[in-house]
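First chain written, first letter: the chains are A, B, C and D, and each begins at residue 1.
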Amino acid sequence: MIRFNNDYNHGAHPRILEALAQTNTESYGGYGLDEWCRKASDEIKKYLDCPQAAIHYLLGGTQVNYTAIAASLRPYQSVLCADSGHINVHETGAVENAGHKIETLLGVDGKITAAQIKEAANSYRTSDIPEHITQPKMVYLSFPTEYGTLYSKAELETIHTVCREYQLYLFIDGARMGYGLGSEENDVTLRDLAALSDLFYIGGTKCGAMFGEALVITNLELQPHFRSYIKQNGAMLAKGWLLGLQFYTLFQDGLYFDIAKKAVDYAMQIRNAFQTKGIPAYIESPTNQQFVILTQEQIDQLSPKYVFEFEGKYDDFHSIVRFCTAWSTTQSEIDALTADIETLTI
Amino acid sequence: MIRFNNDYNHGAHPRILEALAQTNTESYGGYGLDEWCRKASDEIKKYLDCPQAAIHYLLGGTQVNYTAIAASLRPYQSVLCADSGHINVHETGAVENAGHKIETLLGVDGKITAAQIKEAANSYRTSDIPEHITQPKMVYLSFPTEYGTLYSKAELETIHTVCREYQLYLFIDGARMGYGLGSEENDVTLRDLAALSDLFYIGGTKCGAMFGEALVITNLELQPHFRSYIKQNGAMLAKGWLLGLQFYTLFQDGLYFDIAKKAVDYAMQIRNAFQTKGIPAYIESPTNQQFVILTQEQIDQLSPKYVFEFEGKYDDFHSIVRFCTAWSTTQSEIDALTADIETLTI
Amino acid sequence: MIRFNNDYNHGAHPRILEALAQTNTESYGGYGLDEWCRKASDEIKKYLDCPQAAIHYLLGGTQVNYTAIAASLRPYQSVLCADSGHINVHETGAVENAGHKIETLLGVDGKITAAQIKEAANSYRTSDIPEHITQPKMVYLSFPTEYGTLYSKAELETIHTVCREYQLYLFIDGARMGYGLGSEENDVTLRDLAALSDLFYIGGTKCGAMFGEALVITNLELQPHFRSYIKQNGAMLAKGWLLGLQFYTLFQDGLYFDIAKKAVDYAMQIRNAFQTKGIPAYIESPTNQQFVILTQEQIDQLSPKYVFEFEGKYDDFHSIVRFCTAWSTTQSEIDALTADIETLTI
Amino acid sequence: MIRFNNDYNHGAHPRILEALAQTNTESYGGYGLDEWCRKASDEIKKYLDCPQAAIHYLLGGTQVNYTAIAASLRPYQSVLCADSGHINVHETGAVENAGHKIETLLGVDGKITAAQIKEAANSYRTSDIPEHITQPKMVYLSFPTEYGTLYSKAELETIHTVCREYQLYLFIDGARMGYGLGSEENDVTLRDLAALSDLFYIGGTKCGAMFGEALVITNLELQPHFRSYIKQNGAMLAKGWLLGLQFYTLFQDGLYFDIAKKAVDYAMQIRNAFQTKGIPAYIESPTNQQFVILTQEQIDQLSPKYVFEFEGKYDDFHSIVRFCTAWSTTQSEIDALTADIETLTI
């Protein structure tokens, strides 16, 4: 079986494993206060143009999301988010468990707009009874979104401007950051994200690391005592250097960008194969996740050989399914799939 | 100025004040373990046909709502609610502050349906990855709703059936209970509510009491240690007999029902006056809240003499406003208003 | 039976009832934004010499305590408190339910010292791994304490100095404030409390009001959005003027001080009676709570006629019991009790 | 520098790294629902004699602790714990952040007794006002404790009996489990722990794994929906097989026990060296942590070559320091240290 079901079904890039093996007989200080975390942050900062950034290494996306939100908001404050946002639909109410309301905005292809954010923020600002409602204080975006779509630099700039106007923090979930940066359609850099957001993270788990996410906090207001939040939320790895070492390996010579770009190229081959075959996309995604609309017969034809994810019924005769590529995908896997797509019954 | 802006702008029914005065030189045990609370519960139970019910007296609606939800749900469980539900839009995220996600269903005139509830519950039950989403475990309804509308007995029975099928608790917010029971259109009794819900409350603050809500817990599962939740959430009045005494006064000879019914009759006079004048209702409400669509000119004509609540813009030329009657409304106030409605510019 | 078991077993001072009756046909705006709350705050401020103070009216002690703490602390911050502090032992973990750790200091007669506070704060400041422990950020005191004892002005000044040095908020629980201020031994004024603490409250429930506590926030840092916390924690009374009216009545001509002082005088008569009889105090209290050590025989002699509170076993032959006076206590009740104390078996 | 400062300063046992390398080109399903987690649980269960046990793999100690407590307790319930317990002093209030009070009992050498637990539980049971205090519902122990000491089987049985009598859950933190089981003084087996506790965990991070803890839930009451708690608390590793694979490697042929036992043997050599030299232990520990009382001169003599942990001042002339061995410690490191101990100035 070839897995296209997600982008976290393989261990780690071989160079990560090598790095772990090479340092295994060394000893280090704990809790992320080690030389590898420092070196990793130095490497990442080369891409940021933001010397004041604080970088922390956590273990997974849900953990980063609710820890960052818990650290940023007061109890009466809420976070604005697309209805399809990961924190709203895939994290078992972790943000609410941390005490905060998520105010959802209706997304289009997983994206929300500056105008929607402005309206929500303005609605609070102009309320007669603000104490009866939560105060929107943060905007949560994903780059790429749950549907693989991307915000353009212009869109992020407009959102950034609204956030400044209404004193909202902008938090960008980058669990699949590499696949966004590696897209042909993308015009956003890490430097842009550092300049336009207050905090964002660079996903490792889905982009070549064994595990781990690098949270970049650019807003000085949100930096103090962040390690207390990490510890309190069970997110402080005793052997923190394991995270630093992985991000150092991914960033010291651009490996992160290369392997993610390759995965996106593979995804485009899948997209083309479906298009050529006349099988419609559910959403046009320029990144590593491809959502297509298949008949049950087509699903049955692909299922014996490939694992892919059922996303929901499209209509009585069609389903939406997702094919994911990853840093671990190979050209031969893609060749097999595209050949089989060509033979599907229409 | 005559206030129609809400139903909590006067102190208390004169008989409540009398009762407070008559007992003021007596001394009582604290925290709701007194004779008046017992007597009040005995009186209320005469309307319930539910000997197992536990009745607790709390101080206000938001407090009852989040305390009841915190006591009923485990951290991974959520509550289903109309998008317009009070807990979702007017309580500063109190439910989320208690750790629970509110899953909203799109209401029609403030009401949700058994089919919507079933779909949400079924979506969890049939999920491949239930641990990534919250488990709907409670349904929150208001009777009457935020828009003054009512659930029929048949509707509540269908909702009850779905709740049993999916093991959901049914919680009914009765902050304006009296005005629902007192409506001509209503076919639901307290007995029905006790039979069809797991817990519900009978609002005092808006229905003749100085303050206080009577929470009726019929489900034995939810009764143990409820007083611990009351205390923990700052909802245990030291002089608990003040609450018992008020509810005893309201229920021992049906005062609660009489004064609320009269208020609804007054509301119907307002409704008729607007209808006669050809001024449209925003929502057809059979209870004490009337929502109408006025021009700015009409608002300006009524504003010097009456206080009423602005609810939002209807279109560029009209606004939605609310007129509320209450136990304290008088016929002369109604006569004045209806006469002035007659003279409005159309 | 004559109740000396606590100071909240009677309704309200007659003048409070009168005020409620006189305003009962008036209508007011809701949620504490009314003229009576404004007038009450004006009266209270005459005693404070702190024009910047924000005053809010809440319903009871536990509610004020956890709401104030939730509003003041970030998730990683804790509150320092005597082991016998009300928030630590009588509030069902309300502070922890709000997410905060209470770090206890061993009290002497219910009091803690500036030196203890300094040590705890310094222990955090000098910690190698501050992110593994909570940051003490608030000191919680009661005036009077749970044992009826008082902090002197000099003690409060020293504590205040340490709090400033370590940037700790000083929060003073004044549920029994009147009985502290009314003690012969007391040298502290409301003006001092306003100057020396960041927030404190003036108890109404136990000191003549029907219910209610006036929270005074002097620190500008803690004032913004406090009403959001009140609402979120179910502590915002719809008919807020009921609270304002009571505090206006208590403060506009010093009634609050008079009735509390009288109660303390009565307590001193009880203290003297026990002393004269040779019955030892458990703690020397100069306020309205008197803790004495009785034999079972003595308890049996007083029990048929008086209600008083069992506090715990002193040894195999003695118990600690509490006698409380209140604004509602009468000289004839005191005469009866002191006469009966005289006849106790030694 | 040779690190004796803690037991988590090296990566992983070489066989763990090999296993990770060998499976790195394989693909697996996510979130712990994979074959390696199943196989690991099968291996662990061979030591338990408890077929009903549910085993979950989480990432670190703090995370396991607060997740398990959040999943077990209702909001009004508290956990009993030694004052020195890890959850009380080293986890930044994570348990309180999850809403629960920790009721501390004064430990002796880090241990608490069945009698203390019984007294606390009984105090709640016999309280007149249980709703004003939290209900102790769980006992938290560490095996070994923070001071390296062990509970005997007889002690655990007595505690178990009290827990059954008072319906308390017994939760055992086994972050250093291997070093407890590997002690000469130990008479407890994993089978005993499974029989006597409701849930406990087997530490991997400190005992040979790269990271990870295996939580064993034997009480059927606590098993349902536990995965929801794991996800909600950010503790669900996307690539869950990485945890299963490590525990499989540690347990399939007893590696876990062997490497921990060796570490304890090394610790005993350190203990003997200090004893021989006449340097007193602060606490007599039969496991991998050794606490000794050194002069500043002795500290200065050892510091250039060894890293060890300062625990606190003993008196004006002495400090308490900790030497930790681990699975990664070597005989040559021990030889060096013991030789240098011999040369210390007395």
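Keep this in mind: a contact is a pair of C-beta atoms (placed from the backbone, for glycine too) under 8 Å apart; a residue touches a chain by one contact, two chains touch by 3 or more.
Computed from a prediction, not measured in an experiment: that's the story for all the values here.
Asker: Please identify which chain has its centre, taken as the mean of its CA atoms, farthest from the centre of chain C.
Answerer: A
Asker: Weigh C-D against A-D on C-beta contact pairs and write down the one with more.
Answerer: A-D
Asker: Rounded to a whole Å, what is the gap between the Cα centroids of chain A and chain C?
Answerer: Averaging C-alpha atoms per chain gives centres 50 Å apart.
Asker: Any idea how many Å lie between the Cα centroids of chain C and chain D?
Answerer: 42
Asker: How many Å are there between the centre of chain A and the centre of chain D, using C-alpha atoms for each centre?
Answerer: That pair's centroid distance is 34 Å.
Asker: Enumerate the residues of chain C that touch no fewer than two other chains.
Answerer: Only 75-76, 91-93, 97, 99, 131-132, 134, 228, 231-232, 236 qualify.
Asker: Inside the complex, what are the residues of chain C that reach chain D?
Answerer: 75-76, 78, 89-93, 96-97, 99-102, 128, 131-134, 310
Asker: Flag every residue of chain C that touches chain B in the complex, lowest number first.
Answerer: Counting only chain C, the residues touching chain B are 3, 6, 8-12, 14, 17, 20-21, 23-30, 59-64, 66-67, 91-94, 97, 205-206, 210-211, 228, 231-239, 242, 328.
Asker: Can you check the complex and tell me which residues of chain B touch chain D?
Answerer: Residues in contact with chain D: 31, 70-71, 74-76, 99, 129-132, 134-135, 225, 227-232, 236.
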